[in-house]
Amino acid sequence: MSSETPGEVLRALEATLFASEEPMSIEALAGHLGGLENAIVREAVVELQIHYSDRGVHLVERGKRWHFETAPDLAHLLRREREQVRRLSRAATEVLAIVAYHEPVSRAEIESIRGVQTAKGTLDVLMEAGWIKLAGRREVPGRPVIYATTQEFLDHFGLSSRRDLPGIDELRAAGLLDPVDDAFEALHEEADAAEADGGEPADEIGESSEAGESRG
Amino acid sequence: MSEDGLLFAAPQAEEGDEWEGVAAPAKPDDDSALYLELEGWEGPLDLLLDLARRQKVDLRQISILALVDQYLSFIDRAGALRLELAADYLVMAAWLAYLKSALLLPREEQEDPSPEDLALRLQLRLQRLGAMREAAARLMGRDRIGRDIFLRGCPEGLRIDRKTQWKCDNYALIQAYGQVKARTAPRIYHVFDRPVMTLESALDRVSAMLGVTLDWMDLRDFLPPHAEPRLRKSALASSFVAALELARLGRAEIAQEEIFGAMRLRRIVK
Amino acid sequence: MSSETPGEVLRALEATLFASEEPMSIEALAGHLGGLENAIVREAVVELQIHYSDRGVHLVERGKRWHFETAPDLAHLLRREREQVRRLSRAATEVLAIVAYHEPVSRAEIESIRGVQTAKGTLDVLMEAGWIKLAGRREVPGRPVIYATTQEFLDHFGLSSRRDLPGIDELRAAGLLDPVDDAFEALHEEADAAEADGGEPADEIGESSEAGESRG
C-alpha cells in the first residue's frame, strides 16, 4: 500500500498513536491534533490501518478506540518466558464469560447460570484485572449491583466490540443466553401447542422420552 | 452450594479414566491425598456437566436419568474411597436421588412440579453453563495482550500542558481600584433624632390621666392629641407597656372585647 | 522503499522492536529471532529504517541499539500546550490595580488598602499572567517582599507608563469612587462565600481554583 510519502495528517496520527499509552478514540485523536475534523481523522486512521495490515505491527480498533499492536501471527516469536498474563481460576473465567455474554448481569444471575455460589473474590479478581466493572444497579427489588465488561476487556482479548465475542450470535440464536425460566416456559408453550395440534408431545422437548427409556 | 470445600483429601487410588479431570495429580509431598483440583472442579453442576460431556452427546439428547445414575455412583465411590465429600455434593446427590425416584415412579403419582420439569430445568441449566464454559475457553484462547499480542514497549506518552491566558481590560482594572478606594474611604454616618416617648413618661402620663376618671378609657385617648405620626407610634407602644405595668401593679384593669379590638383601661379603686 | 509485502524477517523485526521495552542491539535481535545471522538482521534493520524514514515514527540507532521513536519534527505532538482564556477574578483585578497605583507594595500593604486578606494564590496568578513581578524587599523589620508591575502589564493595558493611569480626582469625576451598590454586593458575596466555606473571609470571588487558598 501507500509507498508514496505519507501526508502530514497520516504522519501525525502515526506518531500520536505510537506514542500514546492508551488506545485513543477518533475524537481524542482529532482533539490532540489541534481540532482536526473527525471525518478526516477517521479516514486517515483507516488508511493507516490498511498500510499496516501486512506489516509486523497492526493498527486495530477496540471498542471505538485505536491502538497499535503486534501482528497476531508473530505471537510465537514474541511470547515471553514469564507470562505477563494473569492466570485465572476456572471459576473466574466462567464468571468473565457470563458477564461478557450477558451483560449487564447481577451476581444472582451469574450464580443462577453457574449453579454455585460465586465467591466474592472471583468478581474482585476480575475487577482488579480491569475486565469488569460495576455498571449501576438493576431497578428491581433489592436494587442489585450489576456488572459489565470494560474497554480494557475488549483490548485484552482483541475484540472490536462485544459483537465480536466468539459465537455470541449462535448462542443468542440458540436461546442459550436466555434465562432457564424463559427457555423452560418456551418449551412448555411449544409442547402445549403441539398437544393442541393433536400431535404427540415432541420428545426432544420434554423428559418423557428419556424417562420412558429408563423405565424400559 | 459454595465454592468452598473443593479440596478432597483421600487416599490416592483409582484415578480411574472415567474421572480424569476430576482428580488432578496428587501433590508429590503428600501421596496419600487425592486433590480434586480447583482448576477442574467447582461444584455439583460442574460435575454433572462433565458427566454430560463424557457421554459425548448433545445435552438435549442425553438421559438425565443416566446422568443421575453416574453422579450417584460417583458419590458412592467417593464414599468408598473415604473421600470427605463437600456438603453441596451431598445435597445435590440427595436432590438427584429424589429426582431419580420420581422419574421412576408411575406418572400419575407425581407431584407438581413434575420430576420431568425438574429434570428439564436441570438440563437447560447444564446447557447454558456448558455454553458459557465453552465461550470462556474460546475467550481465553484468543490472542491476548501481554501473551500473544504486544503493545508498544516504551511509548513516549502524550502530555497536554494547560496554560492559562488571563484576561482583563483597562476599564476593569481602573474600576476595581475605584471600588477599593470607595470601599475603604472613611465614611460619615448621620444618625437622625427620632421623636420618642419613653416608658417612664408614658407611665406618668397614663397614671395621671387615669386618676382623673373612674370610666373606661380607650388606650388611644392617652396619646398626645396633636403629635406627629412618628411620635404617636412611639407613644402608643410606650402607653401599651405602661398599661400592662399598671395592671401588673394592681392599679388598673384592661379589657378588650375582641382580637384587634379597642383596648380599654380603668382605674381600680382600692 | 518496500511497498511490496514486507518479508517475514522484516515483519518480525518490526514487531520485536515495537514491543521491546528498550533499544535492542543487532545481536539481541538476531538472538530473539531464533538465531538469524547478524548480517541478515542488519540488512533488514536498515531496510526497515528506510521504510520508516518518511513516516511519523522513525527507527533510529542509539549507541548500536535500535528503537522506534517519534519523528523529531513531530515531537511537539508529544507535549502539547493548550491555552485557555480565563477572566481575572475580581479579587485579582483589585490586587493588580493596587499594585499598579501604589507600587512597589508589600502584601501587607495590599491587604491594608483592600481591607481584606489577600490569598497568596491571587499574587501567583498575577505573576503567572506576567503582569506583576517581585521587586525586591522593603528594608523594614520582616523585610517583606514587594511587588511591582511589569512592562507586559503596560503593554497589555495599553499604557505607555504608569502615569497614564487616571488619578484619584479623575476616578471621582468618572463616578468610580462612588460607593457603587454592586461593590457592596460583591463584598457581601465574598463574606457569604467565606462563611459557607467555614473559613476566614475569602477575598476571592468566583475563581474556584483560587478559593480555599485564602485560608492560608
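Order of writing sets the labels: A, B and C. Residues in every chain begin at 1.
In the analysis below, a contact is a pair of C-beta atoms (placed from the backbone, for glycine too) under 8 Å apart; a residue touches a chain by one contact, two chains touch by 3 or more.
It should be emphasised that the depicted structure is a prediction, and the values quoted were computed from it without experimental measurement.
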Using C-alpha centres only, name the chain that sits farthest from chain B.
C
Maximum number of contact pairs occurs between chains A-B
In angstrom, rounded to a whole number, how far apart do the mean CA points of chain B and chain C lie?
41
Which integer distance in Å separates the CA centroid of chain A from that of chain B?
30
By residue number and range, which residues of chain B touch two or more other chains?
150-152, 156-158, 160
Two or more other chains in contact with one residue: find those residues in chain A.
16, 18-19, 32, 68, 70, 78
Residue ranges of chain B touching chain C (in the complex, touch as defined):
150-154, 156-170, 172-185, 187
Counting only contacts in the complex, chain A reaches chain B at residues 16, 18-21, 32, 67-70, 72, 75, 78-79, 83-85, 88-91, 93-94, 96-98, 100-101, 113-119, 122, 155-159, 165-168, 171, 174, 176-177, 180, 183-184, 187, 204-208, 210-211, 213-215
Within the complex, which stretch of chain C touches chain A?
1-3, 5-6, 10-16, 18-19, 32-34, 54-57, 68, 70-71, 74, 77-78, 80
Under the touch definition given earlier, write down the residues of chain B that touch chain A in their complex.
1-4, 38-40, 42-46, 60-66, 88, 103-104, 115-117, 119-121, 123-125, 127-129, 131-140, 142-152, 155-158, 160
